[in-house]
Each structure stands twice: as C-alpha cells, then as structure tokens.
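Each of the next two complexes has chain A plus one more chain, namely chain B in the first and chain C in the second.
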Partner chain A sequence: MAKILLIDDDPQVRAVLKGFLQIGRHQVLEAGNGVQAKKLLTDVQADLVITDIVMPESDGFEVIMSCARKDQPLKIIAITGGSPNLAQQTLLAIAQKMPVNKVLSKPVTCEELLTAVQDVLNAPTNASLPQST
Partner chain B sequence: MLTETILIIDDEAFIRENVQRILNEDGYRVLEAATSTEALELVASDEIDLALLDLNLGVENGLDLLGALKEANPDLLVIIITGYGSVETAVDALKLGAFDYMKKPFKADALRVIVKLALQTQELKREVRGLRRSGALGLDVPLLGDSPCFRQVLDQVREVARIPTATVLVTGESGTGKELVARAIHSLSDRKEHPFVAVNCASIPTELMESELFGHEKGAFTGAASRKTGLFEEAHNGTIFLDEIGDMYASLQAKLLRVLQERTVRRVGGSKDLPVDLRVIAATNRDLRQRIQIGTFREDLFYRLNVVPLHLPPLRERGNDILLLAKHFLSHFSQAFGKSFKGIEPAAEQMLLGYPWPGNIRELRNIIERICIMAHGPLLEPAHLPPELHHHATGHSSTIAEDVLNQGLEINVANYEKQLVVAALEQADGNVVKAALILKIPRGTLRYKMEKYGL
Partner chain C sequence: MFQHDKAYNYWYSQPVFSVLYILWGTVKQSSNQQSMMPLFLGRFLPLALFTLLAGGAIFLLEHRSHLDLLYKFGKIQSIDEQSPLTIALEQHQFITIASVTLLALIIAAPVAWLKAARQRRDLIAEHQNRENLRSIKLLLDSTIEGIYGTDKEGRCILANRSCANQLGYGSPEQLLGKEMHPLMHHSHADGSPYPASECRAHRMVDSGATPVLVTDEVFWRQDGSSFPVSYSIHPIQENGQIIGMVCTFVDISERRQLEDQLRHAQKMEAVGQLAGGIAHDFNNILQIISGNTQILQYDQNQQNPEQPQLQEILKAVERGTALTRSMLAFSRKQTINPAPFELNQMVKDSLLLAQKLLTKEITLQLKLSEEALVITADEVLLQQVLFNLITNARDAMPNGGTITVATAEQSIAENTSTGSLQRCLPGTYAVLLVRDTGQGIPEEIRQKIFEPFFTTKEVGKGTGLGLSMIYGTIKQHGGFVQAESAEGVGSCFSVFLPTVSACILPKQHTK
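Let's look at the complex of A and B:
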C-alpha cells in the first residue's frame, strides 16, 4: 500500500483512477490541477505522483519539473490523453522525454495502472533521469 | 398434454408398488428405483419431471442423493418422503431444493394433491421462462464465458462497477452482448436498486430524441401539451445505457457532452438546469475514431465517453465459449419448448467451433432457438445445423450437395446473399456506406438486409 497523489483536472477521470488505485489498496490524495498539487505536497509526503499532462492552471509539465527539482525526487507516472490541439502520440513523445518513471496513455485499465504503480514503487529512486516506458 | 413421468425412489418394494398403482391410475408414467445408483441412472437416461424420494434409503443417505439428483437435473422436482419424527431432516431437504415433503404413512389423496401441485408449479416455471425469453419479463441471461479474453472483460466489469460515477464505453461487434455487460455493471454497482434505462440512439427518430432524452416543458413545441420528464431524469441515481451512440446526431452529441461535464439536464423549452446523478454507459459497434475523422462524431465527446473502455471480443475469438454458450441456449430453449435436448454431438461441436459467427452470440442463440423449435433431440446433430455452417465446414466445392439442393432456391440464395453482405462489411470495416458501394446497392437496401440476417 502506498500514498499516491493523483492529479487530473477531470473529476470523472480522477474518480476512475482513484477507484482503480483503491482496488489495489492504495491511499489516494487528489488534486484538480498543478497548483493544488504543489500545495498538497508541501504538507504531505507522497510515495508516488500520478499526473495528467494537459491541464488548465499549472499543467502536468510544471508539476513534473517541480517534483524532479526536489532534493528527494518524487516518483512520477504521467498519463496522457489526447487534446484538441495536440495529438496523443505527440504528447506521449514529449512526456517520455520528461523526468518521469513511466508514461501511460489514456484510457488505462485497472491492471495497467496497478502494474505500473507496482513497477515504479519497486524501482530505485531515479526519477530525475529521463526514461522511456 | 404430455404424460408426466414420476420416479419413486424407495428401498421398500411395497411402498414403490403402492405409489406406482395410485399414480398410474391418475395417468402418470411411473418409474421405480430402489437404490441411489438406480435413481441416478434413470435421471440421466430418462426425461423425469418429478421424483418422490424416501430419505431413509436403508444404509444410504437420502439427503446426499437429493443433492446428486439436483446436480444431475437442477429442474427436477423432488418431493421427500420421511418417516415419523424426522421433520428436521425434511427441513434440511427443503433447504437443499426439495419442493415439499410428506410424512409416512400417507393417504392416496394426499399423494395425488401434492404431486399435482408440484407439477403445476413446474408448468408455471416453464411459462415464466418462456415469457422471459420473449422479453416480457426482461432478459435474465448471465454473462457466460470462460475464455481468457472474456474473463478479462468480466474482471473489468467488476472493477468499473465499483466506481459508481465512471462513464463506460462498450465496444464490440453486433451481437456480442453489449447491453448485457451494461446491465451487469449496473447490477453489480451501488446503483442497482435504482433504474437502468436503456436507449437505442439509432431507433428513435432524431426529431423525438431530444425530448425523449431530456424531456420537455409544457408548450415547448407544437404538440407538447404537458410536461414530460426525460430519460436522463428517469435514470436519476441509476444508470443510463446509450446504445449505438455512433449514430447519435451532432446537435444531441453536444447536449450529451454537457450532461457528462455538468451533470445537469435542461428540458426542451426549460430554463432550469436539473442536477442528475447517474452513470452513463455508451455502446457502439462502429469505429468511433473513424467517425471522428469523417467528422460525424465529436472528438471531445469521445474522450468523455472513453473514460473506461470495455471491448467485447467477437464470438469466433472466444474458443470453447462457443460450446458453453451453445449448451446454455440448448438447455434453455429445450426447456422453454418442452424438448429433451441433452447435449451436442462431437461432429456438430466441431462445426460450431469452426464457423466465424458474423452475428456473434445473437446468431448462435437464434440458430439454437430454431433447432429447439424444429427438432427433438436428445442430441444436437450436424443435420440440425443450418447450411451456412455446413458450407463453412466443407469449404466451397463446385458440386452442390443433394441436401443443399433440396433446400430450394430461396434459402440457398439467401444464404449466399448473407455471405456476400458479411464479406462486404468485413472489407469495409463495418462501414455501411462503404459496404453498400462494394455491393453496388443503395445503403437503405443494405441496412434492410443486415437487419434481415441479424448482422
């Protein structure tokens, strides 16, 4: 069981991902955007951050960069959906260049998500290194 | 009315003879068994409607036999005969599925009454089953399947059912059971006590669709004589199932998007946004990404619906599930039509497994239903199966087999036509417009033919 911060601006998507994570018996904190997420992270210690990439306010890229700049970089899973302006493939390609442990593309299944979470939690902390999936 | 068969299971010959005599007088066919082994053999080999079982079968345990009988034929009616002072055992028997019990010694009239009552109940059960089948009582078919790909679907159904707000997009070819999956999600969720409202987006005329879904205020348009609540409102706290979402027209797509984003509905001609708490499950057999490219489906709506995608595999990819489902339908329809089908011959099984099932489970169901109406059993034979399955099994030979010829022109032409329609649809990736072009027929004609062949 891990404490996971989940960041997505769409409450429905958040509800689904949270539900999946709870099936995996994880504790879930939620944030609707990057600003909220950063505020939460100053108060609580999370084992893992799962973030959407395209969001209003502060977007996923900012969250990722600020997490990576910390002394103890947080483990991050980025989840990308398509957006009207950017194709999903483009976003995936960009996300994979970011310092994240794993990139998933929307929609994810419960199994995909929980497997990715387990992999990342088991991995040594090296989120500051760019990785591909 | 057919003669009903009753089996008396008792180790005392004199009781068997007495029961035999009484029930014979009433016109029933009566079989006798003195031991568990004999009883089980008879239940397996004969069509038995009712068993009278003495719980005190010498050294054997009657309760064990009751369990075994019920396992061999779950619909077998069992009446327990019990000695003085063993009412508790009789109660246990009722829990195990016995219909009723009689205390020894019993009078001839008591036996007659209880047997008649039991058989009437059985008859009622069959009628109810018949009604269910016709849809009058709503479908009650479980999601059956044991193949790895279908088990994965079942896992996903259970997962998503736990998240009451999650929007689900069910995709799969026609006849793969999309509505059943939607109903399963509903009935496994916390919303199960609330309504499940199913809407077919392709079957309601576009002009009526908006007021059907959203309702309307009095005087909203000509003919709106009174206020009407829409289906979204009816599904409040429950689940709304939007089938054939790919055929929903553009202006309604925008309104649906609003419902998904805001979780409110506004009646036609209304000014208030009414909050609705519901789960939306949409389904389609079309390729929505393709529709987005053509411009007939909104991309933003697609992303809203595709929060949890659930893809149902076509029947041909489900391996032995074909036989599992065939056997389920066979026992179901066999009972509904009072036939005695017990199983499927190996050769017929091979034909069922080898056929590509373009109409999926619906096609399989229809074929088995037809067989149960026309044929008698006890085994489903290759000869019972329709020509398209034979053609597929033998490959296309240039010589026409005698039995095919004897079917006559009309049936054979129809079968060939169906094959052409299926082939064109496959080549066009299910796109009706393209398939119609390939076949060089109007789109409307193609739709009619698809309907006709259950595609």
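Let's look at the complex of A and C:
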C-alpha cells in the first residue's frame, strides 16, 4: 500500500483512476491541476505522483519538473489522452524524454495502471536533478 | 584607261549631260525603290505609241487628201508628182502634226506620272493591308484562347486556329459560315438540350446585353465529346449598331481537375484537424466508460463472475480506442519511426498473419519482385497498410476468389502527367500492389474511397477509416496510392513508396 497523489483536471477520469488505485489498496490524494498538487505536496509526503499532462493552469510538464527538482525526487507516472493541438503520440514522446518513471496512454485499464504503479514503486529511488539556477 | 577617263570627264563636264544626270537622279529618287518607273512606263509607253501612230496616220490621211484637192484644182498634174509645192506642203504638214503629237506626249507624260503615283499608293496600301491581316492572323493563331466571331445570325465570320483545334476541326476555314450555337453549344453539360434562345451569346446580339463571362458551361467537339469551358462574349459594334459578337474561350478541364484535387486535399486536412481536436476528449470519455466498467466488474466479481454486459461495454471501448487511433493516423499527426527495410521481406513476414484474416475460399498469391526493394518507412505502419488492403480485398469477395500481393520497382519520369502520378517527384518507387477478383468499385464512388468515414460496408461493420488511414500514412511517407478497378473484374490498389534512391534524387535535381 502506498500513498499516491493523483492529478487530473477531469473529475470523472479522476474518480475512475482513484477507483483503480483503491482496488490495488493504495491511499489516494487528489488534485485538479498542478497548482493544487504543489500545495498538497508541501504538507504531505507522497510515494508516487500520477499526473495527466494537458491541464488548465499548471500542466503535467510543470508538475514533473517541480517534482524532479526536489531533494528527494518523487516517482512519477504520466498519463495522457492527447490534446486538441498535439497528438497523443507526440505528448507521450515528449513525456518519455522527461524525468518520469512511466508513461501511459488513455484509456488505461485497471490492470495496466496497477502493474505500472507496482513496477515504479519497486524501482530504486530517483536520482535528484541538478537545481536550476 | 587614260583615254577613257578623259572621255568621261569631257562628257561629265558638258552642261546637257549634267542636267540629264540630275533629272534622272530625281526621278530615280522620287520613284522610291525604282517601283515608280515601271509603273510610269507601263502607262506612258502605250499612250506614247498610240499618239505616235495616230499622228502618223493623221499625217498620211491629211497628206493624201491635200494632194487630191491640189490635183482636182489642177495645181498638180498627178498625185505622185514631186514639185516644190508638194514638198512644201509635206514639210508644213509634218511640222504641224509632229508639233501636235509632241504636245500630246508632253501632256500625256505628267498625266501618266500622276496615275502611276496613285496606282503606287494604292499598291502600297494594299500591301500594308495584306501585311496587317497576316500579322493579325498570325497573332490570333498564336493564342491559347479559342477566338471566333459571328454575324447577327450567329454564323461564324472568323475563327482562329486554337478555336478549331479545341473544337476538333482541322482548320479554322471549316468553321466559316457555320452556325456556331448548334455546332458546339447545343447541349448542357448533362446532355440536356440548350436552345439558342437561352444562349447568352445569342441573346446578346438581339438585346444588346453587356459582355458576359461564363465559367460553368461546356462546349462540344466535332467528335461529340465535351469539355468544361470559360468563355467571354463581347458585342461587335459598327456605327453604334451591334453587327455580331466575338467569343473568347479556354478549355478549363485541367484547372477543374486541380481545383478538385485541392478541394479534396483541404477536406482531408480539415477532417484530420478535427480528428486531432476531438481525440483528447474522446480518450477521456473512453477512460471514464472503461474505468467505471472495470471497477463495476471488480466489485461484482465475487457474486457474479460472468458479466457479459460489462464485457460488451469493454469491447465497445476497445473499438472506440481503435477508431481514435485510426483517426489520428489519418490526421497525419501520428509520429512515424521510419527506418530502412526490405519490402519483400516485410511482405513475406506478414504472410502468416495475413493468412489468418482469410477464409478457406480465398487464395492468397504472392508475386514478389526479384530485386531487393529497400525503402525508408515505418515498418509497423506499412504492415497495417498491407493488412488493411488485404482485409478490404477479402470483404470485396464474399464468395471467395484470389488475392494477389505483388511488389515491383517502377521509375517515374520527370514529365509524367497522367493520373495521380503527375504530382509526385520523379524517381524510383517501390510498388506494393494488392489485387482482388471481387466485384470492383463503381466509377461513381471511386472518387470518394479515400475520404474518411466513407464506407460501403453495413453499419457497424466498417468505420470507413481504413483507406483514408492508408492514404494518410502513405502520404506521410512521401508516397501515394493508386486505385484501379473494373466492375465485375476486381480492384487493384497500388502503394508507391520512394525507394532509398528516389529520396536522394530530388536533392540531385536542385544542384
């Protein structure tokens, strides 16, 4: 059982992913965008962040970068369904080049998500990114 | 030599000779290019000859009648007598008649000169007119536009070469005098009759309407075929009266074809953008449906492990996911991972999987080229293209038949201008061809087969994205697709992909 922060702007999608994670008996924290996620992370220590990429206000890329800059970088799974301007494949390709542990594309099955979560949690801790000046 | 020079100088120094020389020079100069002299002589010489002959005849008659008189009055003994009187009379008569003749000649000369000058002026004007006509004809015959003029009754009074050529006649003269409307404007594009009374060109002569430009009609050739045309008509006016009209036209078949291609490309582009735009929301929606279904499945699993309805929902989501992927592939936004590979090997590798798509009634034939066909493409996508074409071929033959998968190498020359070959870069292409022996594609829908969501399959059996996906993918690879079909014989889809050498070719051209 792990404490997982789930970030997605669509409440219905969030509910579904939360349901999946609860089936895997994980504790789930929710955020609707990157700004809310940052606030939550100052108070709570999460084991893993699952984030959507295209979101209003602070998007998934910002979340990924800010998590990676921490002294103890968080493990991240990025999940995307594409955007009106960029294709899903392009977004996935970008996300893969960022400091994330796993990239998934929507729609994701319960099994896929839980396997990915397990894989990432079992992986060794991320190395910290150099602080930007 | 010395003597000759001396003689020349002597003659040249004589005033009479100088005057004659100067006069001759003036005549020569005024005659301009010596054409005046023959004209003058042509008129003056007969006149002079006639005057001289008349003078001589008068002299003889006069002389004879005077001698008769002298003889009657007994002044001479015989008519043939030579006396001082007869000699004096003869001399007197000669001088008188010679003077009159000379006077007549002197009067005749300037008259002949004036007449010659007038004739020369006319000749020059006529020559200029002929030259003008020749240049006008040359100019008219050198235009791409067909031009013809008609009189008030609509009969052809003038036509240029392009007009004759476009209407399928050997020479413009064949059109002269013919009524143009029944000849080449008798029917609408759909074949329905086009009465002269409705023809704007015809009405113009009667009503004096303003010039018009028409771009939505057809002209008919001599062989009975027609071509889309853009024509303009203007009235021919003389002294404020309309005496006919002139029509200028161009065959716009090629322009139409390009417009159609452009419209088609724009439509595909728009649908592609739309697909990319909705894919994000669509994926979220699918996530919500599938996710909730899976959660429901999990919750109820303990009591009722068999949940066929929930399973159906998940199957539907899978179809939806496949549809979004196809739409994105078509929108050309899918990233491709091109790498060089050998086409024949790919076809051979795909064969086992392709066999699984087919029923027992269908035979799969391979005709691979002997030479290796190296192309740079996304192997997985191209395999999808092949499967898609094989599936289509299978569906076209519900009662069984033969599917032929062939490969070949084809060179496309720089000046190829037929069909879809005209817009591709010249070079060597690898061709992947899938032919079936099915029912064929009717002509009227062949234009639409590459359009997204166009399908002839029953609702639920096909998304109508297969061929458009192929179109998008192949386009993205710098190739193109050709479809040939004959009803009842079968269809053949050829995918052209540049071979590695063809990719390099365009760069060589720019050198």
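Convention: the second predicted complex is superposed on the first by the 126 of 133 C-alpha atoms of A that agree within 3 Å, B and C clash if a C-alpha of one lies under 4 Å from a C-alpha of the other, contacts with A are read in each partner's own complex, and residues count from 1 in each chain.
Note that in this section a residue touches a chain if its C-beta (ideal position, glycine included) is under 8 Å from a C-beta of that chain, and two chains touch if they have at least 3 such contacts.
Worth saying up front: this structure is predicted, and the values here are computed from it rather than measured.
When both complexes are superposed on chain A, chain B and chain C clash.
Shared-chain residue A:T109: touches chain B and chain C both.
Legend: residue contacts after superposition of the two complexes on their common chain; A:I23 is shown touching both chain B and chain C. Contacts of A:A123 after superposition on the shared chain: neither chain B nor chain C is touched.
Once chain A of one complex is fitted onto chain A of the other, the partner contacts of A:V54 are limited to chain C, with no touch recorded for chain B.
Touched residues of chain A were counted for both chain B and chain C, and C has more of them.
Of the stretches 77-85, 257-265, 455-463 or 473-481 listed for chain C, only 455-463 runs into chain B once the two complexes are overlaid on chain A.
Annotation: chain A residues 12-13, 16, 19-20, 23, 81-82, 84, 106-107, 109-110 touch chain B in one complex and chain C in the other. For chain A in complex with chain B, the touching residues are 12-13, 15-16, 18-20, 23, 81-82, 84, 106-107, 109-111. The residues of chain B lying in touch with chain A in their complex are 155-156, 159-160, 162-163, 165-167, 260, 299-300, 303-304, 306-309.
For chain C in complex with chain A, the residues that touch the partner chain are 276-284, 286-292, 294-295, 298, 317, 321, 328, 331, 333-335.
Within the complex formed with chain C, the chain A residues making contact are 10, 12-13, 16-17, 19-20, 23, 54, 81-90, 93, 105-110.
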